[in-house]
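Please go over the structures that come below.
One chain, subunit A, links the two complexes that follow: it is found with subunit B in the first and with subunit C in the second.
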Partner chain A sequence: MFKKILFATSATGACDHAARVAFAMAGRFSAQLDIFHVIGLPTRAYSQVVIDAKTRERVEIDEEYCDWVKEELRVYYEQLLEKLAGNHTMEVAVGETHREILRKVRNDPPDLIVMGGSTRHVEDSAFRNVVTGSTFQRVAKAAPRPVLVITRPAASFWGGFSRIVVGTDFSEGADMAVEYALHLARTTGCEICLFHAVDISGLPLGQFLTQDDIEDRLRVARKRIRSRYVPQFGDIRNYTVDVWEGIPGLEIVKYAREKQADLIIMAHHARRAESGEDRMGSVMEQVIVRAGCPVLSLNRTVFK
Partner chain B sequence: MPEGTLCNKRPIETDEQLKTLLADKSGKIYYEEMKHLDVDTAKLWDTIRKTMKSRLKTWLSICAHCGMCADSCFLYLINDRDPKQVPAYKIQSTLGEIVRKKGRVDNDFMHMAMETAWARCTCCNRCAMYCPHGIDVGVMMGYLRGLLYQQGFVPWEMKIGAGMHRVYRAQMDVLPEEFVDTFQWMIEESEEEYPGLTVPVDKEGADIMYTVNAREVKHYPEDLAEAAILFHIAGEDWTIPSSGWELTSLAMFAGDWEACRLQVESVYSAMERLKPKRMIGTECGHAHRATVIEGPYWAGRKDGKPPVPSIHYVEWVAEALRTGKLKIDPEKRLKRKVTLQDSCNYIRNHGLREITREIMSYIVEPGYFVDMAPNKEHNYCCGGGGGFNGIGIFRPQRNKALITKRDQILNTGAELVVAPCHNCWDAIRDLEEEYEIGISWSFLKPLLVSMVVVPEHMKPEE
Partner chain C sequence: MGKKILVIDDDPAVVEYLTTLFEDNGYATCSARDASEGLEVARREQPDLITLDLEMPGEWGPRFYRKMSEEKTLKNTPVIVISGLSGHKYAINKAVASISKPFDRDELLRIVQENIV
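So, the complex of A and B:
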């Protein structure tokens, strides 16, 4: 299923948890691991002067410098590399981070892209105030491949999947998320936990939903899941259906925690925001920064 | 003394020479060799006799030394009113001196002239507006740059830039297929969101032929996607040429007139091949000047016009908003303090000051737009024009020059600067990086894409 994994990394603490996951998966699935690092953006057109994103120094890019950076990457991931049984490649690039990642994905398509969290806390205010990391947002929106993002320690992650949560809002994107989960289940034999959160967070002040109302909605949602998705399951029996009420982002995280899930799969809803930043659905954003396990983002182009 | 291997009077003509020069990090060896470069005084004087015509001669001789140009020049003001920064002084001490000495100047002089031409003037033409005689030092500096380039006294990055145009017909090493490929990639990324989005390539007889800045292809391809999206929403019949797509001209900044000619000829050739009704360029100031205004003269076109009517991107945007081809959702208008950068090349030098303000009136919620002071054709250079942004050895001078724009922005109290010009955008980005005043800056395209009303039939099916 995963024969080629692209791990796009800033080689800083922000990607450490993601690194562990990427390497673990590469081992578990006997995949080739492509490690990709963007050094920085040239200050001028054809200029080779770049502010190295990691060292914050103004450097000049040439073959020698690139080799040095690769060596640094090797040292940084030494322990993980030692334990890696399969093949790996290492590549560095210069340009806008998300753009170079997307370019790499286009030129050398992987089965999966693995990324870490926002580098905002590590770097200075040169980066925008974005919760999940603008690079991830832009890559997840445009990449024609699933993007796995890990922002917090995925302590119990062993590389494989035994139980996955699929969050659905009954959109077309969610349909694809379920389809992908089925594919994963057929390959790995994992259990699928279909989940929907009935959103009660948007209630105007003073309004009150009775518990009966809420439970009606839960019932309707459960029925909807069964009729919309279960028929596709075929001979897969290893699944559950759950619907909770609450704030969707938090409910998914809690649900995954209770289920001790290895993975949460969600559809990415692209929406352009004011300043040109590509804001994903806020639910997904909440899940990504709070989940205790990796989160897989799928956008509509993944299935093209 | 023989010419250097890297620093000499010959232009860069091959990719190999380009790579060799690029490999000399920051031009270390290049500048070292320049210290020993001879001045071909005979050629210098001969060129002047052949190319310096009555206008420049008149300007040099009728300067009344009145000093009115002094306060007009932002570099004079920011450098503590150093008399040597007075525009009249700057040109008289360089070009004026060369003419007075009939070309008999030495290496030291040429170094000083190089610094004056590229670090003490951005060719913003502001002084021309205040001189009682209308003497344009910026224009004369352009001429001086040509002489210096011919003699080999040109900043490293400018030599490379001119070389890029000579070898690639673009300011960066974009391979022939790369442009179309990148554009199509951008379409692929956006077609989910905008069904039916395409980019017609080499279509003949289209209404619009669109040209870009090579940097968009290399580093900011989102700009290409945004351009396509806006043309798509506006229902335009447009196309891109597979060659002759580069609007910019670093060769103009470098003073390499032959490369300038070669560059614009590639665009004119595309115009002649595809016969669009008009050509629209991306958001870039000097590019418009190079290809639309000066270009026809470089290419020897007697009527001083490109083969097809050509307009600046802001003119198209204003037209689209005016005619309703693009409609702005009032809810999404900018509701924070916004100011506007007036790019010298198409505002002061091409009269589009009201056009950009017209656009602001559509996209900014009333009450939130604050003009800089001074503004319109009186606005100051961004600090990075004329190639200043790109020259490493003059970076300190450039960073100082940014202070003028920085203070102008701070005085407006704006959070966002709209800068429909690549150079201005870069300069403002650099000023934020250097001085951290906490502003955002943007081209027009991303703003428009975020607030334009998408017709129902163009929305993706849910």
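So, the complex of A and C:
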């Protein structure tokens, strides 16, 4: 299933949880692990002076510095590398982080990209662990490969996948997420938990819904899941279908917690992959930053 | 006969330390080195409380907890997470307590005493 895994890392604490998952997955699937780090951005085009993304210092880039950074990476991940049974490579690049990761993906396509949380969230920021980082957003929207993101330490304690939650809002993207989850279930024997949240977030703001209205919507959604997805399951019998009401992003996180799921799969809807204005959907973003398990993000290009 | 505690940890030194500590304080003990052995021992011994490490070879602690909580006779057994990993208190939502390695023995014994039924 995953023979080549790209672990794009800042080699900081923000990526430690992702490292745990990336190394565990490489071991579990006997995959090659490509560890990739972008040193930083040149101060001017083609300049040799670069602001190191990790230390924030201005450094002159040459072969020696790149080798030193690689050695630092090796030391940083020493304990995990000792336990890694399969092959690994280590590469550093200079440039804008998301562009270099995407370039690496294009030139040497992996089966999966693993990324961690944002490094920009300083300890006292109000946005710390509430929004995803811009590098992840840009990579996830444009990469023609699934991106596994791990933002909380608790999301890295599972040691593999065996119960997957797939969130659907019945969109084209959600259909693709279900398709991908079925593929994963067929190849790894995972259990699938198909979930939809009926959005009642307007209720405290004055939206009027009786309990009968809510339960009617739940019934309709359940029926819709059964008719839209269950026929595709074929020989997969190990699945459950659930519909809850609430705030969709939070309900998916709560559902995954209740099911003790070890993976959430979701697709996002951004059409303009490279557009900086097109942020990832808020539901997806909330799931990513709050989930207690890794989240697999898919975009349209994964299926092309 | 004292209450029984199952210690699940892949580090033999931790297992030895915990089982001795609990036995010295009047508890019966049993132990396992990983999640699958832990589940077998739990089914057989029906412990009154479980201490659980998170990072173990093969399946990790949360997956042991998931399997355990799906078994009728084990699902209400209190679990104390003992781990050196950061963020461990969020690993198993329904654990009765979560403590960091290295831990204070008196604090652990107090938590055990409070939660063992």
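Methods note: the second predicted complex is superposed on the first by the 278 of 304 C-alpha atoms of A that agree within 3 Å, B and C clash if a C-alpha of one lies under 4 Å from a C-alpha of the other, contacts with A are read in each partner's own complex, and residues count from 1 in each chain.
Throughout what follows, a contact is a pair of C-beta atoms (placed from the backbone, for glycine too) under 8 Å apart; a residue touches a chain by one contact, two chains touch by 3 or more.
Just so it is clear, the model here is predicted, and its values are computed rather than measured.
One of subunit B and subunit C touches more residues of subunit A, and that partner is B. Contact with neither subunit B nor subunit C is seen for A:R222 once the two complexes are overlaid on the shared chain. In the superposed model, A:K70 lies in contact with neither subunit B nor subunit C.
Applying the stated contact rule after C-alpha superposition, one finds that A:G292 touches subunit C and leaves subunit B untouched.
Of the two partner chains, subunit B is the only one touched by A:R300; subunit C is not. In the superposition on chain A, A:G159 contacts subunit C only, with no contact to subunit B.
By the touch criterion stated above, A:D262 is placed in contact with subunit C alone, subunit B being left untouched.
When the two complexes are overlaid on their common chain A, residue A:V49 makes contact with subunit B while staying clear of subunit C.
Comparing which residues of subunit A touch subunit B with which touch subunit C, the overlap is empty. Put simply, subunit A touches subunit B in their complex at residues 41-49, 60, 62, 95-96, 99, 102, 106, 125-126, 142, 171-172, 270, 272-276, 299-301. In the complex of the two chains, the subunit C residues touching subunit A come out as 54-56, 58-63, 65-66, 69, 85-88, 90-91, 93.
On the subunit B side of its complex with subunit A, the touching residues are 22-23, 25-26, 157, 160-161, 164, 171-173, 185, 188-189, 192-193, 214-215, 218-222, 250, 332, 334, 389-390, 392, 426, 430, 433, 436, 440, 442, 446-447, 449-451, 462. Here subunit A touches subunit C in the complex through residues 17, 152-154, 157-160, 162-163, 257, 260, 262, 292, going by the rule given at the top.
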